[in-house]
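Following this line, the structures themselves.
Okay, so chain A shows up in both of these, paired with chain B first and chain C after.
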Partner chain A sequence: MSQLDKKPRLRVATTSLAGCFGCHMSFLDIDEHLFELARLVEFDRSPLTDIKECGPCDIGLIEGGVCNAENVHVLRAFRANCKTLVAVGACAINGGLPAQRNHLELEACLREVYEHREGMDAPGVPNDPELPLLLDKVHPIHEIVRVDYFIPGCPPSGETIWKFLSDLIAGRTPRLSHELLRFD
Partner chain B sequence: MPHIAQAAESVITKHGRDATRLLQILIDLQQALGYLPPAGISAVAAGLDLPRARVEGVAGFYSFLHLEPVGEYRILFSDNITDRMLGSLELRDALCRKLWVEQGKLSEDGLISIDVTSCTGMCDQGPAMLVNGLPITRVDHQRINEIAELVRTRVPLSAWPRAFFHVDDNIRRRDALLGQSFVSGSAIEAAIRLGRDQWIDEMRASRLRGRGGAGFTTCVKWEACRDAPGSDKVVVCNADEGEPGTFKDRVLLTRCADRVFEGMVLAAWATGANRGFMYLRGEYAYLRPALEAELARMRAAGLLGRTILGEAGFDFDIEIHLGAGAYVCGEESALIESLEGKRGTPRIRPPFPVTHGYLGRPTVVNNVETLTKTTLIALGGGAAFAATGTAQSTGTKLLSVSGDCAFPGIYEYPFGVRIDRVLEDCGAGDAHMVQVGGASGVTIAGYEFSRSIAFEDVPSAGAFMVFDSSRDPFDVAHNFVDFFTHESCGFCTPCRIGTSLLKGYMDKLARGYGAKKDLADIEWINRLLRNTSHCGLGSTAPNPVVDTLAKFRPAYERRLRTLDFEPAFDLDAALAAARRITGRDDPAAHLDSGDKQHTEGER
Partner chain C sequence: MSGHFMFDGRPVPFEAGQTILEAARAAGHYIPHLCWHPDFPPHGSCKLCMVKVGGRHVSSCALEAKEGMEVESNTPEMNGERRALLQMLFVEGNHFCPSCEKSGNCQLQAQAYELEMTSARFDHFFPVRPVDASHPDILLDFNRCIFCELCVRASRDVDGKSVFALTNRGIHKHLVVNAESGQLGDTDFSADDLAANICPVGVILHKRVGFEVPIGERTYDEVPISVVSMRDKGSKP
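For the complex of A and B:
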């Protein structure tokens, strides 16, 4: 085997921003392909590895939209480190469920939850510097950074994610057939 | 609400309870009630035995039909780029301030609403506006002051100074058509003398092509309609001149309505049609009384009706239908849908209108100018007509010249005229860009001014907008993109979404958040629009952007903030609300702008 044939394993990072981890669960649904995937790639930052900071990677998979300052930092770090950045699922692409707050005033929303409810010991919007501040609107990730690919679905099926990843890893431009391309 | 039901009933009766006249019924009902209240929609639906959704669907489609109350005075500023260049936006804001009303909202006393509308076809005498459907030209600050006073004191429109409503023809150059005096009836007489077949032969020899933009050979269309099975054929004159910057048809309808109608009779003679429609754009509704009078005169002279000029079996009459502010209805199959009283959604072709048009009948749809030109052919013969112009574009073309020039107006030239010749004639000393053919046409840069107006080179539906070196090509393209986004009929996804996305990118660049990635995305959307739209509106919508990106790229590049990617909004400002609520101002409560982040990334 020549040096050229020995492909280094691709590095993959994944994260969930304003998401529900449903897309990650769907990712695990690729079942036996996980073994195949483990031979082809190694994971950088991901809930699977518990690595906290994203290093240089080939592929970054982002679940969820951008709802707060921390999401912005994580997303920017992924963009800076990943050669290919992929928006996975409805929330990353459109803002999804969390974006339902977009037609409400942020202030009204926070006060309703933290001040105006009955039976609260110490009402008040939390202001600890440790907590990331909320953006006034939830944004899809392509409104914050450049995104290379989009996989729709809520969540995309395991089969869809596998098809997409295996294309990407093999060097083919990912192409989802009509049955795999769905938005629900 | 008995008066609403009553009004609806009387309008429906007037139109013979004919559901194909739904659009005309709604226009008349709105005329009576000021707007179309829910009870009115229900009454029309019940009266015509149509589903209510169908009626509301039609009412909701057309810009000039209102489902919500509008002002007693409804003022619409024409929003074409040529109006803007003459200061229309500033004038609009001034009028809004004077009358204490916000654009697009009804004043609290219900007196006035002010908004903008697509090009009203008064580009040579702008800025223009429509007040309750009547055009006012040459609006300036003095006129704005006077209008504000007239509205405040509730002077009825009929008592406003007549000078406000004066529309000039501004004919600057005459050639074969405009230079010839015409005796009414002479063209029909000549064609009847030739006989139907030889008349078609003359048309074939003339090689006349449609003047509405597409340039289809008129004779081929007529022959196809003539040969199509079915006896109740239809001739439609497309007077829905909605292309921004075009106003030649307005002048033809004002100056030589007799020739336009006579052209329709000539088409009927060739095809065997017995029914004619003129689809007149809502913006030109003010021309209707004069056009109706002309039709009455022609009927009295035996040029319309039964046995025209004594020719047994030659029966043909014309009816005027009004549009209601929908650019897409200029597309022939959308126009036919609208004539049938439906939403103006373009049909899937084939079948083409020549075999399956109005109510499934063989139908010829021709542009106003095309029909007018047929009278020349009837009088002078096809060969003489074909002797002018170029090999593939015979005859003359009316250009509607507007923008940065000393003499805007109508110029008639033989096809093949060079652009720099037109610029010289209209007194455009400092032109650096010309938009030929309207928003969906071609953007011409200075190095191309030696090109010619002809189907072989630069085709044109008639608009010729001149921009001098003080104008920003980006603003021009931005205005046209807004226009297409507003006018997309919403039927097909590529156009409905694509035009909105394109507008989003143009807005982003205009606000100073542009990035190189946006230009790549714009080009991608342009390709999508062009290749996947259902009709010509969507496929030509990206033209101004494609052309200005190619020919005036620096106008875009100077708006870029970064070479990679930039959000369309200020991220730090998006945290301001949360900072205020929590009272925090620590470093973690801020986000740096994209700039800094990118420079760090490059390091």
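For the complex of A and C:
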């Protein structure tokens, strides 16, 4: 066993709120660095694990803005459990492209899709209490909880995510230089 | 009359009547800016070019250089103020870069990269201003306007058409088209007008050419705006 393996590993949780999972795919784009990462961290709740609730963690990576009630609950649970909370990608940072619905009336949106669309067998806006209600606007996550760091991009490149994570894990203040900083 | 002033501790020569920004650029020193353009008088709205002179923050595009001035520009304090101004501009509009045709060629975005802005920090306004697609060759998305008035100035002073204007006050200020209908299609605006080609952000867009330039080859993909802007410091903003 190397020296590295004996060090207590940091716990990392990740989630996608009103995201497209593109930021998680970009995270996987760090390719073989994943093996390196697996020696440095342990994963808590994440779409990549089976853990259902976020436990105490060092780092929480949040993809996606906040568009419904469940997003709010998950985001608050992450904030309560993660020492460092990171907004990953354009959606988490400013609502992203989903926030383009903010200039439309929510009810009109739902009726357009679930009632007025042609070829629907049983038109009607879903109303089961199991389903989380949409918020009238899509919000960046920093409007709901305090956020420690932001990694811009739609999505941020694997290189950008790796630079950020390796800085953070090593105890350096993460800094994204010009070539890693993209909003698109 | 001419003289020298100190710019971040280095002497910079100036001719009488030159502003701090003009003299600094002539000497090879970049000062961030959005509403300033070498072919137009200073506008003073973006405030990005502000520098510290004698303990006060002043717009370097508008203030004439004077003998012996001590100017601070590229300092953590001034760059921090500039970053805050950029953050305000970002939350005031709908700057969804991932779907904007101007991404990579946008001066607002390039300034944000230059000043290492990672988020807009403030709460978003999410303005609702309908796009104007009435013109055969040009599309207008008013939600990205930063009120630099370059289109207003170009259309009025160069094209001689006065197609654009800013209207209303305070946060309700916005860009409008000078036509009875308010539609660009009802003006004599042309895609060849200077006003059609001067917008620093993604408001005035040419139709059918969006996303033509591959990622990696756009204006600010390779080098920061501070480098691009100084390549041809006479004529390019």
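Following the convention adopted for this analysis, the second predicted complex is superposed on the first by the 177 of 184 C-alpha atoms of A that agree within 3 Å, B and C clash if a C-alpha of one lies under 4 Å from a C-alpha of the other, contacts with A are read in each partner's own complex, and residues count from 1 in each chain.
One rule holds for everything that comes next: a residue touches a chain if its C-beta (ideal position, glycine included) is under 8 Å from a C-beta of that chain, and two chains touch if they have at least 3 such contacts.
Predicted, not measured: the structure shown is a model, and the values here were computed from it.
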| item | value |
| --- | --- |
| When chain B and chain C are modelled together on chain A, clash or fit | clash |
| Partner chain(s) touched by A:Lys137 [first = chain B, second = chain C, both, neither] | both |
| First (chain B), second (chain C), both or neither touched by A:Tyr149 | second |
| Touched partner set for A:Leu37, first chain B, second chain C, both or neither | neither |
| Which superposed partner A:Ala80 touches (first chain B, second chain C, both, neither) | first |
| Chain B versus chain C as contact partner of A:Gly95, first or second or both or neither | second |
| Chain B or chain C, by number of chain A residues touched | C |
| Touching partner for A:Leu165 - first (chain B), second (chain C), both, neither | neither |
| Partner chain(s) touched by A:Leu181 [first = chain B, second = chain C, both, neither] | second |
| Touched partner set for A:Cys67, first chain B, second chain C, both or neither | neither |
| Contacts of A:His103 with chain B and chain C, given as first, second, both or neither | second |
| Offending stretch of chain C which, after superposing on A, collides with chain B (from 3-11, 57-65 or 129-137) | 57-65 |
| Chain B and chain C contact sites that coincide on chain A, given as residue numbers | 137, 139, 143 |
| Partner chain A, residues of chain C touching it in the complex | 90-91, 94-100, 103-104, 109, 112-114, 116, 118-121, 123-124, 126, 128, 215, 224 |
| Chain A residues touching chain C - in the complex, by the definition given at the top | 87, 90, 93-97, 99-100, 102-103, 137, 139-140, 142-143, 147, 149-152, 154, 175-178, 181-184 |
| Residues on chain B engaged by chain A in the complex (per definition of touch) | 517, 564-565, 567-569, 571, 574-584, 586, 588-591, 597, 601 |
| Complex contacts: residues of chain A adjacent to chain B | 69, 72, 76, 80, 105-107, 110-111, 125-127, 129, 132-137, 139, 143-146 |
